[in-house]
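The structure follows.
For reference, chains read A, B, C and D in written order, and residue numbers begin at 1 within each chain.
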């Protein structure tokens, strides 16, 4: 934590223009307050409670739970994703408000892990969603999960945690990849139409 | 006029910073009860600013847009009808134009305005939360009204300032002069602050955080800001009515923090009632105490 | 009141034309308004069988208020029902109007009773013959049966008491009877008093005589329901003021007043919880009417000038609100053909005018500042506190808090949530003939919220007519009582100001963080996807759980209507052979019974 | 379509669900008129994967069938293989296995306690219970090298002997936990609000319990004394003294009381194990030299273990190759979380769904494997 603070200060000194300072400040607030949507997709769900409770106390770092995707900043995908789950995860991710981040826990979202030969799980999550931080391990310890959050914070502060922008810019690629696995059971159009248009706003 | 506007801004700022401070303490205190360290004291402010710094927000049409606005406006309006200090021209808002009954009704305007936005978003969980809130209101308002009616008929006025003025010494504080009314009102107080065991409205494990389920970004930011301010309005109201009011901001903070601490302890210790259990509870014990107090008053006259 | 009779004859004998109806009602309204501007004495006496009866008519200031309410309601109602009425409807409506005018200006028992009966029977015919229920078989015979039976009972009670009074005082003049009623202490005055009171309670639908209200309101033609709620339910209040107000102001009658106050509070509680339970719009509004009327009785029982002012304000305000809400509901039913909350929903962006109308209506109905409904509530509460009736206050706080639920249910069920049976693509705004009167009513409700003095100044005149103190009004927009003051103008300004500031703030954020317009089904739904077929509208369920609360459950489970029907059926069984004497159907025999009973009562009265 | 009812999903992304599954609820108001559980969010095809792997490879994945309580699965699998292959397990290994099983049961009960408090909006109990449970995980880590998945109980014995002073530290932990239990009681189990909410809610009547095949604490809360550890003692359960707590009410409160009593029983069993742990070093049976040639003879067997949530049973078939022909896994949650839950939720309240699911000890991963 101290380390991070020092890094922040060093960064701040390097900034030149006032707009850069504003951006830096906004990023600082974003990184200090992370509303986490813990989607217990698999085994990793068991290490989320220790992370947020008394022993490891993620709230020290500004990480707290959110109930619905509308309120959340980061979705924590804990473990392997069955195809059925992936659909819900994409749905949940698209409902979140930008800027939004994805943390994937465990080996399974990286390469399939234990279930590399299973017929019902996806093997590589970042084909379907922009993953900002992956925490490897089966399953990652709470310390590792916290380390993942620290990495995410660092990324946010540097302004590099822009998975959401990547998803928006490369939506066709992601949707095609999703289509490969869902086939004709893709999510209905209204859930993601705005990615293909400007999106109405007022 | 300018002075009033300046005063109103001051009131908003004061309640916001007081609220953020108290709720910062609330989170740390809860963390200590949980045997952990907890977030920094200013974590709530960071959260709030972060919500305003989100790049987008969900929308379901103009009514959804207006809901948080009405909610915040309702909160600030009711804040301006509460006198913060006694014997002072500062922080009085528009309280000379209003009174306690008006205030009680004003406090419902915001939530009902937000309920329209929740309804129009079409989230079934949200409407369930609203229904729970309205049902719970029956249980909260009835004992509360009874207790403040005891005060009002006791002091012969319905104006908050005058009730506050009448409590000049400690023995004249309404919590000492009308202990039954104070006890009854404390039940309602815990409920109105949304503490366990009366926190049915936004229960995440039941109704998916209820009315807030569909709000995100700046809307959630407004809702979070008004929530802490609204809590402070209630605290100050209780200080005015029962704890003898305050002559300066520091006394106000001391007294309101004592009440806040009570709310925090009760909220930490209990699981949550079901809606009907909450209302039934409120209509049993507090109401009986209140009716008893009325009867005592009646016979002693 | 020649004009009343003129309208009466005009309506009955001429060919029915909408225009004529409106013109005649406008004429009536105009005449009544003229009475305010230039008070001319038009007391009118009519010698019938010289030396035996004298019918005397004189419109008191109270009568004028009620007559104005009725006339304006009738005018708006006629406008709203433009072109949808069948033959005979207008005749009956004007007959009823005439009866109402006779009643309001009656100076003696005969004309009072005559007006009462004309009004009752014509309104019965109106809702029975022109019912809004789609299926004639479905149209419940029970409703008509209940209404007419209870009306008969009330008429008989009243007739008996009136003749009893005539017997005692030897005068047909109401004023003499009232004076006697208040002059005699103890049991002899209590019994006729209570009997008479029951008759009036029945008309206003107080407990335990409220059972006719919901069915009648539900089945009456939609716009006529508005009139029923706005004008006819006030007749009971008029009669109560006429006969009992001095009585309840009497120092020695504390217990009776207290009893009436509790009857009001209990009625309000029962009606409110019943209203929450309703699934159709008109049923909900019907029960809400009962509840709102009950507050008026509670306030009248308190008897202070603040309470009386509150009662009158609440009454006028209730007329406005209910006209507005029933008009809009009628418009929605006409456009969609649906009456229930589980059939409607999601219409807000298609019917913005109706939405705002209902919004204004429910804010005023719930008594929230800054609209007009608040003042009535405020005056009633304050007067109760000043009087020291804290338990009664608790008794009416309970229903007025619970009323938020049905208010929200009304607006949610129709406009918010998700569309169910009504395709939102095809939904259209309600037709202009509802929109115009609704717009007027909305404007007046908002105006009254800003300037309650508009009503309270005339109310002050009435109060001084009654010999009570007047209310202290510092300006049009604020009101002072002994224990505190309130300024609606200020509330509205502050709220509006804060609202505007926050809206500007929000739109500043809007530049950096735009709001994304989402599809109706794109909602936080626990990760799952709702489909078009998924039921998501909470219209039926809203308020369903309230009955799990012990007190509400006890009220909702019991149904007085069923009990009355049971008693009625048992009586019917006993009287089966008696009924054999009469030809034809039940209605005819009921009418004959009534005529017979009236004759008997007349005879008894004459002999005495 | 007139809509009396409203359909909502309780899960999969919902704070009130015990894992990655969902319950579709038809509500009238908040009263549930129909409940339908949806599973398949977690299906990995375990039984197929075991058939594809050799016995020793399969042993590493069986523990992943159930995350909160992996050890009964390891033990079950190991014992099944031993029965098929006719291996003789040394006594010390049996004691160690019993110890691990009881520790696993203990931590699972703590997790249940956390969930039960959390489902009622009582946020102290999850914080305390999960943190205290972590101390057991530390012991596990010391003993096996893994926090959650241990892969400790291998076919033929256990993987490692006790570290130095382990039993003393376990004893210390047990003392600590025992001193904490009264606080847990005061905080949640004797809390008037908890009593108000838990009594008379989520009742399983004995006939239903028998008909649906309810097992474990849920069955014992209905008044049946039914425990594999007593009925068909395995490992060293025949040697230790313990009682099987029962209740008769069959409601949420009854199940809570049973689980609460089981925590004490586990502590007592662990104390006995600490006392009686043999000193010898032998922890592995005599195994085939070349582990690539582990051939499971033809034959089948049915093994059962009592976990914290009830009975696990594995039906295992060997066909003479180094892979098992078929493994059929039956966990307790399939009954509790699907058929029974759908039945129980009808006419109960939305507020009670999370509480009932937690009190049944449902755990999605083992339903669908």
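Convention: a residue touches a chain if its C-beta (ideal position, glycine included) is under 8 Å from a C-beta of that chain, and two chains touch if they have at least 3 such contacts.
Predicted model only: the values in this text are computed from it and were never measured.
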Message: Suppose every chain is reduced to the average of its Cα atoms; which one is closest to the average of all protein Cα atoms?
response: B
- prompt: Taking each chain's centre as the mean of its CA atoms, how far is chain A from chain D in angstrom?
  reply: 31
Query: Measuring from the mean C-alpha position of chain C to the mean C-alpha position of chain D, what distance in angstrom results?
result: 63
Interchain centroid distance [CA atoms averaged], chain A/chain B, Å: 35
Statement: chain A residues touching 2+ other chains are 39, 53-55, 67-70, 88, 92, 95, 201-202
Statement: Touching two or more other chains in chain B are residues 34-36, 53-59, 65, 124-125, 128, 204, 208-209, 213-214, 217, 275
Field: Interface hub residues of chain C, defined as touching at least two other chains
entry: 510, 514-517, 521, 524-528, 536, 538, 541-543, 545
Message: Going by the touch rule set out above, what shape does the chain contact graph take here: line, ring, star, complete or other?
response: complete
Task: Can you check the complex and tell me which residues of chain A touch chain C?
output: 39, 68-70, 88-89, 91-92, 95, 187-188, 190-191, 193-194, 199-202
Message: Quick check on the complex: what are the chain C residues that touch chain A?
response: 510, 514-517, 519, 521-522, 524, 527-529
Query: Within the complex, which stretch of chain C touches chain D?
result: 340, 342-343, 420-421, 525-528, 530, 533-545
- prompt: Can you list the residues on chain D that touch chain C in the complex?
  reply: 1-14, 22, 26-31
Message: Show me the residue ranges of chain B that touch chain D in the complex, using the header's touch definition.
response: 30, 33-36, 124-125, 128, 196-197, 199-200, 203-209, 268-275, 277
